[in-house]
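Here the chain labels run A, B, C and D in written order, and each chain numbers its own residues starting at 1.
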């Protein structure tokens, strides 16, 4: 088992190495194609004179000649950047010269909070719907569940968010505040925008909405697993052993459908990270998704590379955890 | 002696699989409705002229955002959009870029996925290693963020009315981050069918690798891939809309459903809900149709559930 | 043995009468609702089982053997299955009339079942000890440790070596034969009065098959248990069963003592089955085969369902439903010419 | 002389997030009872710096102008500079100015507000190696060149060791001398009668010595001399709050107990939070504006004022196609300004028919006249006179893609194409590419141009944009007679005389029509019902929603 984990981690390191290089290459391409981001340093409302520009370029390592030739992978700046990251200095941003590590400290917790609520909603809702649909296979309920989950997936998540913010959030907040007062949990939870003073409360609703991303996939996975288990021989044996239906469902059926849930969460994790970009945009949450989006627009190389590498590490970490959970849940799976 | 053509039981077994699937699908009412919707949308994309004779680019600012007094009739059947162009025309002409984008992305990513998947599954060893690492790299970067990175290289694109230019950049970005799903399924199917007896038999009879791959293994690999094609198309259309809202997808004044939606969201709050409702309805209807079709196809093709 | 039975029977089945036969299945009818159509799977199966005796239920696949056993256990899913008639009398009490709680207590405590493929019949994700212990924890309310101890005892009983260490293992870590023994251990955990073995050895090779059958007989003798053995293998029936019930197209076409049924079958179907068994002395001769295929339950032939494949069929077989005739008081058959077949004139 | 347009209006660069912000900290209840916590919740965008001289963008200035007191403050109605920290500002020849500072003014940490406080601040901004955005404001003062040496020749930059500049020893502007503890004498390199009007802007604010000693701490918790004081640090990501400084001795004290600023990142808007009462002043987007207007209660709390920022469609005079004035007039008349307004939201702009807007001293002369009215027939005739539009060629309109510029100029393009029957094509560019391309005269079609006032004088709209050789003269417009008139106005003895001369220059400009005025901006701020005395300063107000925090009161 240990050897497997080491092998997986080595593979992960290799993947991350490639990801880092790919991101660096894309940012180099961006500088080569879109021109020099150094002007951002001056707030960009007037072209700084060439000399100051050259000074700032050296500060950010943009003065290497490779940035003039389109397509040149700029290996030396890549090595410098790696050395810089290895020593723990994640570089600073062009606009406002802020330290990237400090920014991550602000952004990562916000996105994590969003994900916690999203994952809970996704697993809970799909578990209930999946089991319910499997229980009433082929009946009217089965079709409505399938229909609604597909509908939930067909509506882009940012449209659900926008309609929530524009139509529902404001009257709901006012109504809630009328009853429970502004400072109360209810007064804050429906707010249309994220508020740094209530980091947990104002992120519940966006989390739940992001949780609906991938609901159809998850419900289908669970329904299929439940169907397979419900019709399986060991459930028939369990019945023959005179166990109560509830115990059969919990001990035998749900336990066996944990595997697809883990696969689902592992698969949807990267999918949800995409959802975060829009959710954080609409709800004004200063999170990873939004930060990376703006950094890409502003050619903030350090922010983009570190941001995406962090999300890459998280995704890789999640996939290794998923594999280990497989082994934990299913004794038949053994890794050497 | 030319190599014997190994018995290809797969051929007619394959045929029955597809014909069975077709029969199973045809009988389901929801699939019929979904197919009708899809045909309607494809027709709108292919022949916009059938649906509206107005030119979406003739826009008069003065009569912008006018609701029609009677819906579906009169000079502007669906009223005018935020720039004063005929809303029905923009809606119809917006369909072609979206559908062409979706189809081109699905075909490109399916092809890449299939070829790489088969090579990885069949040869194994270091080829599989490289392709799997490639898979990991692209899976690890979330699709939307990857698309953003690629599309940020194309900023400042001149908006043009030529179809290819408007959708080239988003299509490339979505393909680059869309093939992994196909590759994974194909690779799994190839690994599974590689050691089946008839494939081993074909190899014993001296069939070349390429022949085995594309004559024997491909029909098996096609099954799981086809099962996820419709739902993936739905996903691409939704992602295109997301890109448009972020302002990095299809660039206005070229239209697509995503652009219409992002413009619609701006004016939805101000009481012009119809600017937002029509493109949303069209998008949801199409994606829903694709998803239902995909679900039915998956059930029909999945031997266990049949 | 007896007083435990009384105590347990008393508190679960009020009005249980010790003198009544252990298990009496009378005219059991089961139908399946498939896409709107009602298809008969069991059309009036009747047989009785006495304590300490083994009844073999024989028939081709699709003849309703397994559905009957599951109907007795009450584990048929409704929908699609519906029990439309008949009685299942356990000590004179009709199980079909009991409420679900009582039925559930009977399962495991009084009637147990062993399935054919132990690998799929055992939950792959739980250890063998847990799955056996579950019975004690649920029905007897034992603690986890005691349940585990009892599980180890049961594994020893069924002859699994080094039970103490293997109790924590998982089903996939046992061989076919061993898994079947685990199934038996699980079935016998609560000391049931009746054990239904639904093709227990079909999935095993011959040598292991013999060991399992010997194990079943030994335990039946020790516990004075009623054993219903469902199989399509007449060879196994010959050396194990006391009585035999032959099922065809959802009904019992012949019932008799084992020797009587083998020597003088009273139903053409049983006779054809016996002739089809290859024997050493018939080397080189053409094997006897019953022509045609078992009937499709959705469209059964008129009259006697076996008539299209019957060598002794007459015109009336196709029109009249044969009555239940009894050439001797322990031998019955549903065939117009039961006496002639019994007397080997046909 | 380089001038910089204050980024008050929406032309801010893509990098500069002109965003809106909501409050931070505990919001007082919606009802907002009076007494101890009369706290106003405001939105704010991306603040670059809170130390005078380091910001130069609208959001930073909105905080600085309330935490610091400058020498003068621009009157809300007239826009005239009135003395605030200054006792008296006088000059005989418009070249040597003497500034007297009021007695007894101190910083919030007790340091005296004296001549040194101002000189120290101005020297810091003028010193080139500090690389501060407002550095060039001091170009008019003698000694500036010594502190800002010309860069070394281009080819020497290649090798990294050699710095681009010679090391700068002089750290003090020679033109600045502290006559005594409370008087400063400023010598300009050339006479400029508008000098006092500049003293109200951020560049000329004082800095405490303690602040200079630890700049980072001062950035987070500024030490000002204004009516509001920072108690905790300001967080650029989420906002901050200030409280009233009790022993403020200046002439414009605060009426409320404190202000909370909440940061709204790019693209967010505070309207949703305004409706729930978490933000007190907010500017709605076009769509929200329309729904807000049908709500009677809200419309009673609306401030609508003309913003001095203007939007123009400038012509590349260096391009042969656009030499004929009739073509430029035809294009201007082809723009249906009301129609475009109907598209982008009627309340955000007003059609402009003059080169200098009415809210600026000496503006509103309507110099563009009939060429800024919508007359498709007239436009077609002018186009014919100018030799018609070459067949098959598209009119290429260049625009930077910040905010909704693309939508506005698409509507304008539609209108021109409709009226003249020609085809057009939008060329959106990113700000950091658009600006250099425009300044290096690389555009081959009309392009978006905008201007916001640095100070309240019509000269600010004439010399920097159209003056011969002016840095921001992107049209390449050269007219000797026009330049002469500007110079004469500069040397006029009284302000009124100068204003009249500048107006004559504007008339010359209108005849040449180097660019077509399209819109003047209008801002519409709504405020919650718990506020009173809500006034908006015409020249300096944040685009997302702002008000005079020194005058506002809570019911």
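Just so it is clear, a residue touches a chain if its C-beta (ideal position, glycine included) is under 8 Å from a C-beta of that chain, and two chains touch if they have at least 3 such contacts.
Molecules present, by chain and UniProt name: A, B = ABC transporter permease; C = ABC transporter ATP-binding protein.
Predicted model, so just to flag it, every value in this text is computed and none were measured.
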item	value
For chain C and chain D, chains touching each	A
A-C or A-D - the one linked by more C-beta pairs in contact	A-D
Farthest-lying chain, centroid of Cα atoms versus that of chain C	D
Averaged-CA centre spacing for the pair chain D and chain A (ABC transporter permease), given as whole angstrom	40
Euclidean distance of C-alpha centroids - chain B (ABC transporter permease) vs chain C, Å	54
Rounded Å distance, chain A (ABC transporter permease) centre to chain B (ABC transporter permease) centre (Cα mean)	23
Shared-contact residues (touching 2 or more other chains) in chain A (ABC transporter permease)	34, 166, 281, 297
Touching two or more other chains - residue numbers and ranges from chain D	430, 433
Topology of the chain contact graph, where touching chains are joined (line, ring, star, complete, other)	other
Contact pairs between chains, per stated definition	A-B, A-C, A-D, B-D
Contact footprint of chain A (ABC transporter permease) on chain D as seen in their complex	4-5, 7, 12-16, 22, 24-27, 29-30, 46, 48, 56-57, 131, 133, 151-152, 154, 157, 160, 163-165, 236-239, 262, 264-268, 272-273, 275-278, 430-433, 435-436, 439
For the chain A (ABC transporter permease) and chain D complex, residues of the former touching the latter	34-37, 39-40, 42-47, 49-52, 54-55, 58, 63, 95-96, 98, 103, 106, 165-166, 169-170, 173-174, 177, 181-183, 191-193, 195-197, 281, 284, 286, 290, 294, 297-298
Chain A (ABC transporter permease) - residues contacting chain B (ABC transporter permease), complex	11-12, 14-16, 18-19, 22-23, 26, 29-30, 33-34, 143, 146-147, 150-151, 153-156, 158-159, 162-163, 166, 216, 220, 224, 227-228, 270-271, 273-275, 277-278, 281, 289, 292-293, 296-297, 299, 304, 308, 311-312, 315-316
Sites on chain B (ABC transporter permease) touched by chain A (ABC transporter permease) in the complex	30, 133, 136-137, 139-145, 148-150, 152-153, 155-156, 234, 238-239, 241-242, 245-246, 261, 265, 268-269, 280, 283-284, 287-288, 291-292, 295, 304-305
Of chain A (ABC transporter permease), residues touching chain C in the complex	232-234, 236-244, 247, 251-252, 255-256, 329-332
